[in-house]
Amino acid sequence: MPIITLDGPPIADLETRRTLVAELTRAAANAYGMPEEKIIVLIRENTPEQVAVGGQLIADLRR
Amino acid sequence: MPIITLDGPPIADLETRRTLVAELTRAAANAYGMPEEKIIVLIRENTPEQVAVGGQLIADLRR
Amino acid sequence: MPIITLDGPPIADLETRRTLVAELTRAAANAYGMPEEKIIVLIRENTPEQVAVGGQLIADLRR
Amino acid sequence: MPIITLDGPPIADLETRRTLVAELTRAAANAYGMPEEKIIVLIRENTPEQVAVGGQLIADLRR
Amino acid sequence: MPIITLDGPPIADLETRRTLVAELTRAAANAYGMPEEKIIVLIRENTPEQVAVGGQLIADLRR
Amino acid sequence: MPIITLDGPPIADLETRRTLVAELTRAAANAYGMPEEKIIVLIRENTPEQVAVGGQLIADLRR
């Protein structure tokens, strides 16, 4: 039961979310040679105050 | 300091939560041969829009 | 499909491993009101050089 | 900097690995509307003794 | 692209958050011998109902 | 019990590892206003075949 965990900014649009999980699942099913039913996807959504790159919060980089 | 991380749907009832963490902790303490005080549990709660199985969001599978 | 991830020291004995995953699974199935077949367990095993408590590696604390 | 973490069985073939990370990255870049350079993929590989479904180790289910 | 993930209680003060990610990033950049720009930090914030130590929820330990 | 998880390349030198966990722990203890004894660090070490940036394995980027 492979698991794909995503950490990224919030995804507002439900259709984008559907396409994303379908594509990630297809890619993993192909790589592992397993049926898509075995693949689980978890989407974690982080705010700009929760992520930093280069020692600076995304919230500050955007200003 | 073993750590148990749970990813699942929200758990509304506080008593259910208490029983869950107590049982997970006991199982891990037994397996590692450590006192229960050393075991940490993290409960992550995901919405049906954040999880997919077989390429479909749980939110869509339930419809 | 709830997922239980364990981070702890290596578990040498296969029977201990079996008991552990069975007990963790039962606890989660009860809490979520789901059949056990829906529960996934991942065991991560870390060496004493990979874990620190209080700013000191477990490898150093044991000396 | 979205991060995609995969937990699955070992992937022996390097070309399969390349295709996998390329496809996962493209899917995430599309969903987030970001250049592919911003996407990180981590592949974690677990043995059949480290994963359980339905309370049984994959190592035992295969027998 | 090393990734530092933090799991802890919520951090209300933005300045504390800035200092934290800056210090974590500097420590990792030094250890890996990489420029700070390569380091990503993710802050996860958990409520006292989501964390347990010794089999008891933090929410209960505080009472 | 805040937890700091690091994902990065292997760290060969034990002294570097000690300095790293000490500095990460101090930064977290300061931010959370907790004693250092409460902070746990997990170091995960990934090979260049397990990490990709921009859709390419680190193993390929280095060539």
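Lettered A, B, C, D, E and F in written order, each chain numbered from 1.
Everything below uses one rule, namely that a contact is a pair of C-beta atoms (placed from the backbone, for glycine too) under 8 Å apart; a residue touches a chain by one contact, two chains touch by 3 or more.
The shown structure was predicted, so the numbers you read here are calculated from the model rather than taken from an experiment.
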| item | value |
| --- | --- |
| Where chain B and chain D overlap in contact partners, by chain label | A, C, E, F |
| Higher-contact pair (C-beta pairs counted), B-C versus C-F | B-C |
| Cα-centroid distance, chain D relative to chain F, in whole angstrom | 20 |
| Residue list for chain E, restricted to those that touch at least two other chains | 1, 3, 7, 17, 26, 40, 42, 51, 53 |
| Which chain pairs touch, all of them | A-B, A-C, A-D, A-E, B-C, B-E, B-F, C-D, C-F, D-E, D-F, E-F |
| In the complex with chain E, residue positions of chain F that touch it | 1-9, 11, 16-17, 19-20, 23-24, 26-28, 30-32, 51, 53 |
| Chain B residues within the chain E interface of the complex | 14, 17-18, 21-22, 25-26, 35-45 |
| Interface residues, chain D side, partner chain E - complex | 1, 3, 40, 42 |
| Parts of chain D lying in touch with chain C, wherever the complex brings them together | 7, 46, 49-57, 59-60 |
